[in-house]
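Got some structures for you, see below.
Shared between the two complexes below is subunit A, which pairs with subunit B and subunit C, respectively.
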Partner chain A sequence: MTARLRRWLVAIVACAAMVGLHAYSGEFPNEHVSRASVGTPAALYDATVTVNSYAIGQVLYNDTLFQGRSGVIYLAVNITIANPRGERSVNWQVGGEANGRTFAANDLLDMPQPGFRITQDVVFELDPADLAGFTVSFLHRATIYAYDPKIVVDLGITAERADELLAADRYATVTTVKATPEVIR
Partner chain B sequence: MPALRTLSGSLNQLATTTVGVWWRCLPRLLAIAVLGWAGYRVFTYLAAMAVDVSAWLSLFVLALGFVVNLSAIIIGLRTAGEELQIRQTVPLAEDDPRDNSISHLLSITLLPFLGIYAVFDVVTDAANQIQVNYWVLNGLTFERQVLSQLNPQAEGNSLWAIVGLIIGLYVARRLIELWFERTGLRPLGLLSALVEGCFMLIVVMSGRQLVVSIGKWVDDRAFRVWLDYPGWGLQHVFGLIGVDVGAWLDQVGALWWDSVWPGISAMVVEPMLWLALAALVFGNRVISAADLWRQGRPVTLKSRRAEVNVGERQRRLALEVQEAFFGDLNDKYLPTWQSLRLVLGVGASFFAAFVICYGVLVTGEDWLTRGMYWVLGGHPAAFWSMAGPFIDLISTAVGEPLRWALLATAFHTCLALFASRGGQPVPDEPDAVAAAAGAAPASEVTER
Partner chain C sequence: MSARGRQWLGTAAIVAMVLALTTAWAGWLNARSSPHYQQAGPGAFADPVPEGSMPIRLASLTATPVLLTDRDQVPSAAGTVWVVALLEYQPPPDGSFCMVDLVAVDGRRWSTVSVLEYTGERGHEADCLAKPGEREPVAELLYQVPEDVVDELAGLASSSTGYRGLNPYWVLTPPG
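And now, the complex of A and B:
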């Protein structure tokens, strides 16, 4: 290999490294992520959100309707959103993430009026393999561009815990809680 | 490994000289960067305020903002270039006719500058910024699409009126340029740059819509389906052997368009285009520095209207027509192309060192901005409409002076490498440049 060729090879590697650095940096994020755990309230502007518990099963009982699909499980995450004084926001978005994939919740969130809190279930339909490491996110998305706050709650489901849950409840029926408003005293 | 040693030498030289130039010129560069930033910001806000009067007026004000921005870049590059004595490094004839005024530089660099900005979507971002500023100033409304007057497809707009306006602006600009060349009145140079800015912005904003509408028209035609037949056939053939070639191509396409191409564009193409623009600022009308060093004299374009001294009337007329239609090519695109050839022809080690330095600089700037956003945390849009400009100011004040110093250093290094190759005395200004010529062997400077 000639010296000139070697120098161009080094130049190509340098360019590739810079392209890699650019890919690693990724797009400029427009969300400020705060992490929280199950049972801990996390603030999103004037409201707080708490993930209380979760349950899995292959059959979902939602109000008066049974749903079931083979090959998937339903993950129902029980949450409480409290809004002591702020305006009722319609900009909340809830989603899930596991194994680099994102999941949309089956239904929209019910947001409380000022002075109320609402406890409800958020349901995700997912592959059993995606149960381990599942996180739930709450995002306040502004109508126009902003650096929005986002809360990511790790459900704390390790691979071992996922195996235990699937062994115990894979074929269970998950009954969701209807959104219930309560006055904040 | 010698190749790595050469790269490390070039890298070391480029980084240390850049930091040295940056440090010595910091107060001046900082002042220029802040003034340029403030001017551009003021004009983008004024453009948002002018929207209610007319989108065309808004566009004119935005063009003013770009002229201010480019003026700051040119002055910043020249300040860094003076520190490196770049002008003295280029061995021009005593009676060199080059006009080094800012207005002349503006008139020849604005088109490539806006072209580079258009390639990297900065013009579109500026238009979006006008929309956001309009919302900040007037409240959020979706009833009115800001700048919709510029869309030839929007209701009530005439495609031919916009085409006529583009042609009219082009002719007006050429006439002002000719007037400027004859009289040398500097305000005319600025006016020409301004008209050119408006011309380019209309071409980018309205032209974009035209391209989209042409694409839609093609998609609605029956013959469009014919173009899909080869793809379907290929899918069918690969399907026979159990290979989903469509999915495979989708993955390759996604990897290329989502990760590889944006990286190449931002980390390789962008720095080279900026260096070409810097070369245009430092050495306009120079066809090729390689030629320059080989012949020991500047090679300039000789087809300008003012220099035509042909007795034959028809020939003169033909040359005037050629100048009117292809003057842009001679004055702007050709020098830009030659600048690009120049910086690409310097050699692999310099190229790699420059790409690395530029990449680290833009990544550092990006991470500085991200860090400031992260420290402030999530807030509503109203907060960011106030805080965003100040974050941008800090990022600009840190990044722009360094970028100008790097571009000036890189161009100076180009000249030093060509000088060492041509057997000319290496420019004696910074010791580091002489070291650069030593670090990157003259043999690696490609023949042109």
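And now, the complex of A and C:
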């Protein structure tokens, strides 16, 4: 073996080891994206998440409070998170994306304890122009991953569908449901 | 040994060293991020926090379908039962707190139910905030779990798993 070849070999092994360590330590926020559709359960960590439905309106009624601003609409996405047997994780992040912009949800997710499922609404405040193509994402961020698993659910709102929704419900009141745990039978 | 043999030997030594360091580092990271648990003796005092916080004893662990308060009888949700944990603790001079989950033998864990989930009061405080001599160092924590796991409960363990070390988390075990 020539000296040059040996040096290259050592360098390649060292680089591979460093890349491996770096990926394992989770310092890079890499994500592994899986796609799901409305009504289809998708596995994330020890739980499954299902986007059940969505609703829009210019007024949001949340428990005891009405709120609304002109120029924006509220998109309430109804989801169910089920945790049949696994560990309860609080490392979930929920967000939205449309037209290259990202949206934060108004509230944090309620995570079910083992043996329970929780159905709740996740609310986004957005420009009506961002309704078409809106996707909801669920990310489990933890140092145990080299690639954090992420579920992206396309709500299936085409431009035509967005026009229909805005024409029908733009000035509606979106009433969110209170998250209530139910035991999984 | 020939010059080529020494080169091969040196290369092999470097590769072995890199692999050993990689394996050791990955193993250390895995051990640090994987808490391990150890069952305390039945009804014995133990500190559920590995760094040291406050010795706690699980005096009793009782499952019941109806929670009695001074104002109400609160049935558990369908398919669930209440689990009442009675704790005795030995507070340090500056006081401490108890954040413990109910754990099953397979590692599943449930966090406490908020006092907002029911009306009225129970006979004991729902925290471990008493300092020495202030009040009786007894607390009662409430959990709600699926009814089919009642026979699989192991006890109480720290709800925080942020400790990065190799000491065990003690699981408080009910007497008997």
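Just so we're on the same page, the second predicted complex is superposed on the first by the 152 of 185 C-alpha atoms of A that agree within 3 Å, B and C clash if a C-alpha of one lies under 4 Å from a C-alpha of the other, contacts with A are read in each partner's own complex, and residues count from 1 in each chain.
Rule of thumb we're sticking to: a contact is a pair of C-beta atoms (placed from the backbone, for glycine too) under 8 Å apart; a residue touches a chain by one contact, two chains touch by 3 or more.
Computed from a prediction, not measured in an experiment: that's the story for all the values here.
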{"item": "First (subunit B), second (subunit C), both or neither touched by A:140", "value": "first"}
{"item": "Touched partner set for A:167, first subunit B, second subunit C, both or neither", "value": "neither"}
{"item": "Partner contacting more residues of subunit A (subunit B vs subunit C)", "value": "B"}
{"item": "Partner chain(s) touched by A:31 [first = subunit B, second = subunit C, both, neither]", "value": "first"}
{"item": "Partner chain in contact with A:88 - subunit B first, subunit C second, else both or neither", "value": "second"}
{"item": "Touched partner set for A:182, first subunit B, second subunit C, both or neither", "value": "second"}
{"item": "Touched partner set for A:65, first subunit B, second subunit C, both or neither", "value": "neither"}
{"item": "Which of subunit B and subunit C A:149 touches, first, second, both or neither", "value": "first"}
{"item": "Touching partner for A:6 - first (subunit B), second (subunit C), both, neither", "value": "both"}
{"item": "First (subunit B), second (subunit C), both or neither touched by A:14", "value": "both"}
{"item": "On subunit A, positions contacted by subunit B and by subunit C", "value": "3, 6, 9-10, 14, 17, 20-21, 25, 143-144"}
{"item": "Of subunit C, residues touching subunit A in the complex", "value": "4, 7-8, 10-11, 14-15, 18-19, 21-22, 25-26, 29, 33, 77-80, 104, 106-111, 144-149"}
{"item": "Subunit C-facing residues of subunit A, complex", "value": "1, 3, 6, 9-10, 13-14, 17, 20-21, 24-25, 85-88, 113-116, 143-144, 181-185"}
{"item": "Touch list for subunit A against partner subunit B, complex", "value": "3-4, 6-11, 14-15, 17-23, 25, 28-29, 31-32, 34, 45, 140, 142-150"}
{"item": "Sites on subunit B touched by subunit A in the complex", "value": "1-4, 6-7, 132, 135, 140, 259-260, 262-264, 266-268, 347-349, 351-353, 355-356, 359, 363, 366-367, 369-370, 373-374, 376-381, 383-384, 443-444"}
